[in-house]
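For reference, the structure I am asking about is given below.
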Amino acid sequence: MATHSFQPTRYYNAMGTYEPVLHIRDGDTIITTTVDAGGFDAGNEQVAARGNPQTGPFYIEEAEPGDTLVVVLDRIVPNRRIGWSNAVLAPNVVDPHSVSDLPRPDDGSWIRADWEIDLAAGTATLATPATQLGRLTLPLEPMLGCFGVAPERGQAISTATSGPHGGNMDYRGFMSGVTVYFPVAVAGALLFVGDGHALQSDGEISGTGIEISMDVQFTVHVQKGKRIFWPRGENSDYIFTVGNARPLDQCVQHATSEMLRWLQGDYRLDPLGANLLMSQCARYDLGNVFDPAYTMVCKMQKHILSMV
Amino acid sequence: MATHSFQPTRYYNAMGTYEPVLHIRDGDTIITTTVDAGGFDAGNEQVAARGNPQTGPFYIEEAEPGDTLVVVLDRIVPNRRIGWSNAVLAPNVVDPHSVSDLPRPDDGSWIRADWEIDLAAGTATLATPATQLGRLTLPLEPMLGCFGVAPERGQAISTATSGPHGGNMDYRGFMSGVTVYFPVAVAGALLFVGDGHALQSDGEISGTGIEISMDVQFTVHVQKGKRIFWPRGENSDYIFTVGNARPLDQCVQHATSEMLRWLQGDYRLDPLGANLLMSQCARYDLGNVFDPAYTMVCKMQKHILSMV
Amino acid sequence: MATHSFQPTRYYNAMGTYEPVLHIRDGDTIITTTVDAGGFDAGNEQVAARGNPQTGPFYIEEAEPGDTLVVVLDRIVPNRRIGWSNAVLAPNVVDPHSVSDLPRPDDGSWIRADWEIDLAAGTATLATPATQLGRLTLPLEPMLGCFGVAPERGQAISTATSGPHGGNMDYRGFMSGVTVYFPVAVAGALLFVGDGHALQSDGEISGTGIEISMDVQFTVHVQKGKRIFWPRGENSDYIFTVGNARPLDQCVQHATSEMLRWLQGDYRLDPLGANLLMSQCARYDLGNVFDPAYTMVCKMQKHILSMV
Amino acid sequence: MATHSFQPTRYYNAMGTYEPVLHIRDGDTIITTTVDAGGFDAGNEQVAARGNPQTGPFYIEEAEPGDTLVVVLDRIVPNRRIGWSNAVLAPNVVDPHSVSDLPRPDDGSWIRADWEIDLAAGTATLATPATQLGRLTLPLEPMLGCFGVAPERGQAISTATSGPHGGNMDYRGFMSGVTVYFPVAVAGALLFVGDGHALQSDGEISGTGIEISMDVQFTVHVQKGKRIFWPRGENSDYIFTVGNARPLDQCVQHATSEMLRWLQGDYRLDPLGANLLMSQCARYDLGNVFDPAYTMVCKMQKHILSMV
């Protein structure tokens, strides 16, 4: 149960079976950093190509295909004073006939907003552009937008999108204190982390959160022979499953089916009981509705599960 | 500002321009009852055809096309001791290749669950079928699944589905204390109410909540010349907009566009400010993912809106 | 087997259980006219409200709920010299980020094209606007965009959209010589016809074909006790089924399931045989991808069916 | 303009930047073979892992990112006497509530059909299973289900799916005589070919065509500095564009936008002219509605384009 401090020197814009940067073991903790979605680091220098460049991959010795990798997100903290976001909603989240009404400069460029991050106060304050919002100040909710493991079948999948391996899920629920489960598809699992957001809407509807570099600490475990099909997670109140696909309807199907399997597996519910419980108690969150694959999350309250 | 007690004697399975059961005025309050989705009343007698039979329509004197009808849901309380639900998830909410794994009797029939409602305790307790859940007891969260106004263009739209006029939105957020806004399409607005649920999951993923007859009290107002395009609502913490369509992606588009209009209208935000605010602060709820039209809700915190 | 000449004097913008304009019998033929989508007649006078105003409804004496209404489209011929269309593609058929690139005047208005119809030559020639297409001349393929029967459950459904009852399917295949089958939901079936197109793309991707008033002749039959769930049709080469929904994926599901039923019903194929035959021989057409409900058509070649 | 005979010895189940098997030049022709979707070769021996194993990649010397690779499909001919298919439709192409009615053995296994291929007669004849179809005989229409180039961003994308790089598009139109255009994303383009079908329905609705190994001949060209965004193609009658995504609605958007670009690019139409022409003349084919990404094809008649 070692603790490793790791300072990345190169980054990946896809998740694949690349040379590991570090070999670690079940129970180990990693303290590292991530650059922002545009490749800018704690000093606001661009050190990686834009598009959710990832720190890693980390090779977990015990992990083999068919296992489950457990990642406890111990700490996710912005490590610089400035973040940025797209100021305008994405064309695909408004009615098609309203797209032309979205504000944009005559030259067709996008409008960037800058935000000042105050860790002591726990806030992000809008610095530019000038709008009626003035210096709007919002509470920080730091999270990871894109992280996951190497996918099956020798694939290397762009960090623009997501799948059973995780990836660019852009779900606000991936905060400090949350435990995440990934299906292991390759030897060592090959864990990647990146794309920190100081905060984000449901749906990541402008295509960004407040993008920022992060100090990240996480701890890994391996569940041998435990087979899952989609990312899972839990926080103090809920267990949850993550479906990544398009349209959102299909995300719902993946997340719901995975939750049915979870309830009938670990919670040993009979099929009818699992159906009945979900039918009145399931909750859903919208992860993102912007990336090539969208994300919906199915949740069940631990309090209710403790009663059955 | 009269209060009317109204006891329905007939019910509608579509929302259309039907003969009003009562003419009321801006500010009036109605105390009435609704039967359950199957047409069963407080005495558990079937008094209407199945399929979300509606109480109403109520004609609001001041309401004309182009206005907004305000409906304050004062009180929604189950008026009998037994509710029912589908016990098994709907085929469209699980992966297509998992549909055959859903429990169902060999004769292809559906499995009904019965629930005991205890108003004093504020709970619903599972009576049948027998599963590992035993006598699972859940807190009541009474709501209306299907209500709305007569649609435009002389239409009469089935209470199985929903649209800009409201209808079968099956959103858990339509509880006591919530204010709902509908676009008025015909003279008198013609308000219908029905389809009470003692509680419901997000998504109404078995195709039912806990279906039950209700005592319902609501108060109406008319906003003259105020034009909206989709149902809106507010509770103590949020304002919200409701998109009804398929797939869920399109629900998101409708709800998001309507919220942009709201922020730029009543809240007088500049377009860039409205975009920027939603881009980091929007929240989404899943209404239903079962009915012919699905429902997604876009929410903004009143607390944040009070700052801009 | 009478032939009725009927000159409409009023039109409907929804399909519902309205007062019939004519009572006819199994085997009867109707010779009538339809106005264009904007309500303009053979003399280019507006005689009805815009939005696919319909001629009818025709009450077929033998038709009862649970039967199938057969409509043979004997003749569909433009009855004036000018047609019109939207000149620009609909925002929903291009990539969201390309919507702003669609040509439109600064005032946000839509651009209308006018076409000269030459029945003798069998052509439509572009008159305006001026583009590099000049006086583009295309062969006529006259069809009905919107026709169908009164829907179930007392509904009246806008002629903007479609469903199991038919409606605004905007499928180029509904030409002269085609036989169409509708599920009868109300006594008399209540048949409506309208929305003629001189020609149309697959998908009706600008939201219109070349809109024009028509001389229409059709003959009706009733198949007693024959239950179908979605519109069906046949021409000299194919039988086909029509799915109306959103997204297109769901249209495919409806049309495919209806074809499976047809093959196992009238064609008496065993389930495995029906699956196997469709699995390698099915063809699909795109009806429309513009209306509130889209349309996909599943087809099987009669030549192949004659072999099994 | 050399002709190369290439006998593969290894195969890839993803399309990525792998070591080329052959370096060729603009104008060269390749004569090679492909194994079937299950990895079985001309001798019906399994020589590759299942899942559309690919022959290649071929490195085309002149091809650089930003160019277009032209692939002329000179000859696609089955090279063995037996093909196979799934006998039952895929669960996702029928109504969710009809999935349980699809025939399947009690053990949940899938049902395979075998087909006898007669090249001289140009036919495929059903050998097993026994159904009312008997020995159904269908005309061969040999095609490639899965082929394309290495994707951008260092990705390696599973041959189960498709994207801008091509891949598992499963479009019946990719027959002998067709010319296909791919956007080049990496040096050398890295062309892969595989997944031959003796014939296939529109939509590949059982998840397979008649799967078979092939003799394949193709000729490559490079269009320097010609930038396209999605695969394009042409045959004697049509030019076409290919959109790969989910749902089908998004495929339509990609294919339509790419066709607009083509008409305004090579055909030098003004934007309004390009819109107007497509609005009445576009045709669409359904490629597949089974794979992780579906495929729709937008077509324009060359005959019409020759007039403008």
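Here are some notes:
Here the chain labels run A, B, C and D in written order, and each chain numbers its own residues starting at 1.
By definition in this document, a contact is a pair of C-beta atoms (placed from the backbone, for glycine too) under 8 Å apart; a residue touches a chain by one contact, two chains touch by 3 or more.
In this text the structure is predicted, and so the values were computed from the model without any measurement.
With steps allowed only between chains in touch, the distance from chain B over to chain C comes to 1. Of the two chain pairs shown, A-B and B-D, the one joined by more C-beta contacts is A-B. Distance between chain centres (mean CA atoms), chain A to chain B: 32 Å. As a whole-number value, the distance joining the C-alpha centres of chain B and chain D reads 46 Å. With touch defined as above, residues shared between interfaces to two or more other chains in chain D number as follows: 92, 96, 246-247. Chain A meets chain D in the complex at residues 12-14, 16, 51, 152-158, 160, 245-247, 250.
Residues 90-92, 96-97, 99-100, 104, 108, 247 of chain D are the ones touching chain B in the complex. Residues 85-89, 92-96, 98, 101-103, 111, 113, 126, 129, 131-134, 136-138, 199-203, 205-206, 208-210, 246-249, 252-254, 256-257, 260, 268-273, 275-284, 286, 289, 294, 296, 304, 307-308 of chain D are the ones that touch chain C when the two sit in their complex.
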